[in-house]
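Following: one structure in C-alpha cells, then a few remarks.
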Amino acid sequence: TQHWVLSFSCVDQPGIVHAISGAVVDAGGNITESQQFSSDDTGRFFMRLQVLSPATRDELEATLRPVAERYEMSWKLDIVGRRIRTLLLASTAQHCVNDLLFRARGGQLPIDVPLILANHPTLSDLASFYGVPFEHKPVTGPDSKAAFEDRIREVIAEHNIELVVLARYMQILSPELCEELSGKAINIHHSFLPGFKGANPYKQAHQRGVKLIGATAHFVTTDLDEGPIIEQDVARVDHSRTPAELVALGQDEESRALRRAVTWFAENRILLDGDRTIIFQ
Amino acid sequence: TQHWVLSFSCVDQPGIVHAISGAVVDAGGNITESQQFSSDDTGRFFMRLQVLSPATRDELEATLRPVAERYEMSWKLDIVGRRIRTLLLASTAQHCVNDLLFRARGGQLPIDVPLILANHPTLSDLASFYGVPFEHKPVTGPDSKAAFEDRIREVIAEHNIELVVLARYMQILSPELCEELSGKAINIHHSFLPGFKGANPYKQAHQRGVKLIGATAHFVTTDLDEGPIIEQDVARVDHSRTPAELVALGQDEESRALRRAVTWFAENRILLDGDRTIIFQ
Amino acid sequence: TQHWVLSFSCVDQPGIVHAISGAVVDAGGNITESQQFSSDDTGRFFMRLQVLSPATRDELEATLRPVAERYEMSWKLDIVGRRIRTLLLASTAQHCVNDLLFRARGGQLPIDVPLILANHPTLSDLASFYGVPFEHKPVTGPDSKAAFEDRIREVIAEHNIELVVLARYMQILSPELCEELSGKAINIHHSFLPGFKGANPYKQAHQRGVKLIGATAHFVTTDLDEGPIIEQDVARVDHSRTPAELVALGQDEESRALRRAVTWFAENRILLDGDRTIIFQ
Amino acid sequence: TQHWVLSFSCVDQPGIVHAISGAVVDAGGNITESQQFSSDDTGRFFMRLQVLSPATRDELEATLRPVAERYEMSWKLDIVGRRIRTLLLASTAQHCVNDLLFRARGGQLPIDVPLILANHPTLSDLASFYGVPFEHKPVTGPDSKAAFEDRIREVIAEHNIELVVLARYMQILSPELCEELSGKAINIHHSFLPGFKGANPYKQAHQRGVKLIGATAHFVTTDLDEGPIIEQDVARVDHSRTPAELVALGQDEESRALRRAVTWFAENRILLDGDRTIIFQ
C-alpha cells in the first residue's frame, strides 16, 4: 500500500467531490486527508487529497483520468514524502541555504538538491559540509548573466529539476527565464511585500521607521517582486535598531518564510488561483 | 437555495467521503467548503462540509440518514450563519462579556444572548446598553450556589440554550452541572494551561517570571481546568510588569481566545476526539 | 510625594544624564524608571524618566530649567497617570471607539474624552453608553468639510485638547489642519504601511493575496499615510478569506494598534526623531 | 576610545543614577545606551549602561569602585562585543548546536566555543564543519556521569569558560554541579514552562491537546525545570499534528529561545532579581 497525494483544479460545479471520491473508492483507496476550496474570485474548484491505496500509479491514473477529463481538470498525482529535485540559486548570504540544507538532511524537508549554483564562491564550504555539489559562475554583465542562465537551463534539463529556489540569489532573472520557470521558481524577498520592493528593503524599512519587519516568499514572475505570494513572516523591531541590525534580525524571518514555501511546494500544497496562491495546510 | 453546514464523526474506514458526497449529490447539493481529519489517536473519522442545496431540511435528513446509520455516525445538520442561543455567565469582569456582545451586535459573532446571569450586579449597565436581559443572584455559600445552578438549568430549558459561556464567571460549577453541560459549556481560564491552574494565575505567572502570559478557552468538565482545550493565546511580557499589569494585559488574550472559541462553536467547527478538540477552520 | 514623568531631547553630548540626574537629586527625587536612546540618524539624545519627588511642579521646573537651557532641550514635565484630554473623531465604524472608551472607563487608558465628533450619527448610542458627549456634523463637500474642521479647532480650544485621535474617521484632514495638529493627532490606517495606502486597503490586500494583514497607527501629517509610524500589528490570514472577512478580522489589529499608540502618547512614551518615532516602553 | 558595558545591582535608594553617571563623566565617558529598573518584589535597583570612554579598564574601575562600594553593589565592567567563552553540552539533537554555531561564525552571536562536549558522537561532523573541537564521553550510569561532570569542570578551568550551554544535552546535572554553575549555565527545555516539565514534553502536549507549543530557556538550578526563565517562544499547532511533528516544529522555537538567551547573556543583558530575570533589551 502506497500513500498518494492528489491535487485537482477546474471550473467549479456540483458533483466534483463525489466523482473524485468515487474514483478513489474504485482504486481501493482510503482518504486520510482532504481539503477543498471554491474561489469566489475565479469560480474555480481546488482540492488536495492524501489517499492510501494498494493500486499502482498506472491503475490510479487510469481510474482518475476519466474524471479529470470530464471536468477538464488540471491534476497531479504524486507519492507522499517523495523528495522533489530542487536547484538552489545562491549568492553570498548563507542563512537561507543553510536552513534548507539543514532541514533536508534531517529529513524534515522533502527535497533533493543535486546542485547549488552561485554567482560567488562564498558558499562552497557550506555546500561541501552538506555533501551538495556546488558550482559558481560570476555574473558581472549581460554576457555572463546570459551564460549563467543558460547553465540554469542545462542543470534543469540534466537533473530533471522540479523546483528552482532563489535562496537570496540577489540577481534579477531575465523575462524569458521567468516565463520558462513559471510556477516552479520560488524567491525570498527581504521585506513584507508589497512594502519596500527592490533593493535595500531593510534600509527603506529603517528610514520609514516601521515597527515590524518581514519577509515574503513568492513565485518568480516577470514582474519584479509582484509574483503570487506563498508565505510571509514578520518580526517586531524598535527604534533602536540600525539598518545592519535589521538585516541580521530579518534573516530568521527570511529563512522561515522560504522554508515553509519550499516545504509546501514539495508537499503539493500550493495551487494557483490566478495571481493568488491557495495553500492547503 | 440554502447554505447548510454538516458535521460527521465515526470509526474511520474507506468510502465514507464517497458515501457522504453521494448523498450530497442526491440532495442536489454543491460542496463549497470541506475539511476532513482521521485521528491516529482514536481511529475516528471527522468531517465538516458546507453545502449549497435547494433541498429542505427534511429532504436533506432523509438523504443523509442512511449514510449516517451505515457508518454509525454522530452527525449534525445546521444552517450556515444561524445564531446559536447562548447563555452568558458572568461576575464582575467586563472585558469578555463586552467583547462577545460587541461582536454579536455587529453581526460578526453568530450568537443570540437571551440572558446574562451573574453573581454580581456590576455588569447590569453593560447588558442594558447591548439590550440584553440581565439577572443577578448572589453566590455566597452552598445554598445560594445550588440556587444559582438551578436557575441556570431553568434558563437553559426556557430559552433552549445551546451554549453556556463562562465569561470570567469565576465560580466552580458543581460536578452534576458540569456533566449536564458536557460539550456545551465553554470557560476562559486566565493562564496558558496547563500552567498556573486554579486561582490567581497572573500572580503565579509573575512569581515564576514567565516571559509570555496567556489565556485558554476550554470545555468545562468536572476536572477543573482540565477540559478539552479549544483555543489559546499569548502575549509577551517582561520583568517590569506587576501582577496588576499582567491582569490588565491578559484581558486582551482572554477576550480573543474566548471569542474565537465561541465563534467556532457557533459555526460548528469544533468536534471532540476523546479529550482533544478538532477545530476545522 | 508625587510620581512625575519627564522627557528630554537635545543634541547628544557627554554629561547629559549626569546633569539631569543631578537636578533630580537636587529636587529630592528618586528615579524609578529610566530609558535613554542616542540616535545615529540625527545625532540627538532622548530620555524619559519617572521620578518620585516631594517637590512641587514649580520647584521641579526651577531645578530642571537650567539643565534644559544649557543643553537646548525640548522637555516636558507631567504627572504619571494624568488623564490626557482627548478628542475622538469618528465616522460609522465602532470598534476603535468602543475599544478606547472601554479601556478609558476601566482605568487602563489614561485619557479623558470630552467629546466625540463624527460625520455620521451612527455612534451616538455608543457614546451615550459610555457617558461621552457626542456631536455629529455631516461632511458632504468642501464647505461642510471646512465647517467640520472649524468645529475641531473650536473643540480643541474650548476643552484644551492635547490629543486628537482619528478613530477610523475616514476623512482626509486639510493640509492646514494637519499642520496645526502636528505631533498631536494620531490616525489608524487599516493596512500594514507602507503597503496598501489610500482607500480600500483590505480589497487591495485580498487582490494581492497577502498572507498577513495589518494595521498602522501613525501621526497625521500633510503627506497622506506617510506620517511617523507609532505602532503596527498583523494577523495571519489565508486564501479562503473574502475582502469582507478581512475587514472583520482586521478590526482587532486596528483596535490594538490604535489603543497602544494612544496609551503610549498619554504616558509620554513617544518622542519624535525626525520622521521616526522613539517609543520608550 | 573603547565601547564599555556596565551593569549594577544594589538595594534601591535615591541618588544612584546620579552617582553612577557622575563616575562616567569623571572617566570622560558618554552614555550611549542606558536602562534601569527598580524591583517592587525585592527592593533592588538594576542598571545597564553602554559607555564610550577613552579611559583604560584600570582607570574606569578606579573611578567606579568608590560608587560601587558606597551602595554595596554587585557590578560588572566589560567590553561591548567581546566574545564570551562558552562550553556547549550536547547529545544527539543538532538544531540548537547548529543554530548557535552558525550565528557565532557569522558574527551575530558574540561567543567563542573552545569545545563541544557530548555524550554521543553524533555531532562530530557538525562540529568539524564549524571548526569547533568536539569530544564525546558516553554517559551510561553513575560512574560515567560523574566522569563526564569532572570533564566539564576541567574544561571550565582550562578554557576559562564563562557560560555553559545545555544545547539539548538531555541529561540532568548533579546538584553539586548545578550549584557550581549557578547563574552561568543555560538550558533549553522543550516546553512552555511551567507546563510539561520533565521528559517527553511534546508527547504530553499532544495528549493535552494544546493549541500552542513552546520552548523555555532558563538558568540551570538544582530544582529541575524550575530555574529563572530567560526567554520563551511559542508556535501555533492544530489537532492534526502528531507528537513526532510537534518535535520537528518545536525545534525552531527551541533554537530561537536558546539563541536569544545566549545572546543576551553574552551582551550582559541578564540580571537576576531573586528567582526572576531582568532582561535589558
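Going in written order, the chains are labelled A, B, C and D, and every chain counts its residues from 1.
Going forward, a residue touches a chain if its C-beta (ideal position, glycine included) is under 8 Å from a C-beta of that chain, and two chains touch if they have at least 3 such contacts.
What you see is a predicted model, and the numbers here were worked out from it, not measured in a lab.
Engineer: Farthest from chain B in C-alpha centre terms, which chain would that be?
Structural biologist: For chain B, the chain whose C-alpha mean is farthest off is D.
Engineer: Between chain pairs B-C and B-D, which one is joined by a greater number of C-beta pairs in contact?
Structural biologist: Taking the two pairs in turn, the one with more contacts turns out to be B-D.
Engineer: Between chain B and chain C, what is the gap in Å from one C-alpha centre to the other?
Structural biologist: From the centre of chain B to the centre of chain C is 36 Å.
Engineer: Please report how many Å separate the Cα centroid of chain B from that of chain D, as a whole number.
Structural biologist: Chain centres of chain B and chain D, defined by C-alpha means, are spaced 41 Å apart.
Engineer: Could you check chain D for residues that touch two or more other chains and list them?
Structural biologist: Each of 33, 37, 240 in chain D touches at least two other chains.
Engineer: Which residues of chain A touch chain C in their complex?
Structural biologist: 37, 39-40, 192-196, 207-212, 214, 228-234, 238-240, 242, 273, 275-279, 281
Engineer: Quick one: in the complex, what on chain C touches chain D?
Structural biologist: 12-18, 21-22, 24-25, 28-38
Engineer: Would you mind writing out the residues of chain C in touch with chain B in their complex?
Structural biologist: Chain C reaches chain B through residues 33, 94-95, 98, 102, 106, 108, 125, 129, 240, 248, 251-252, 256.
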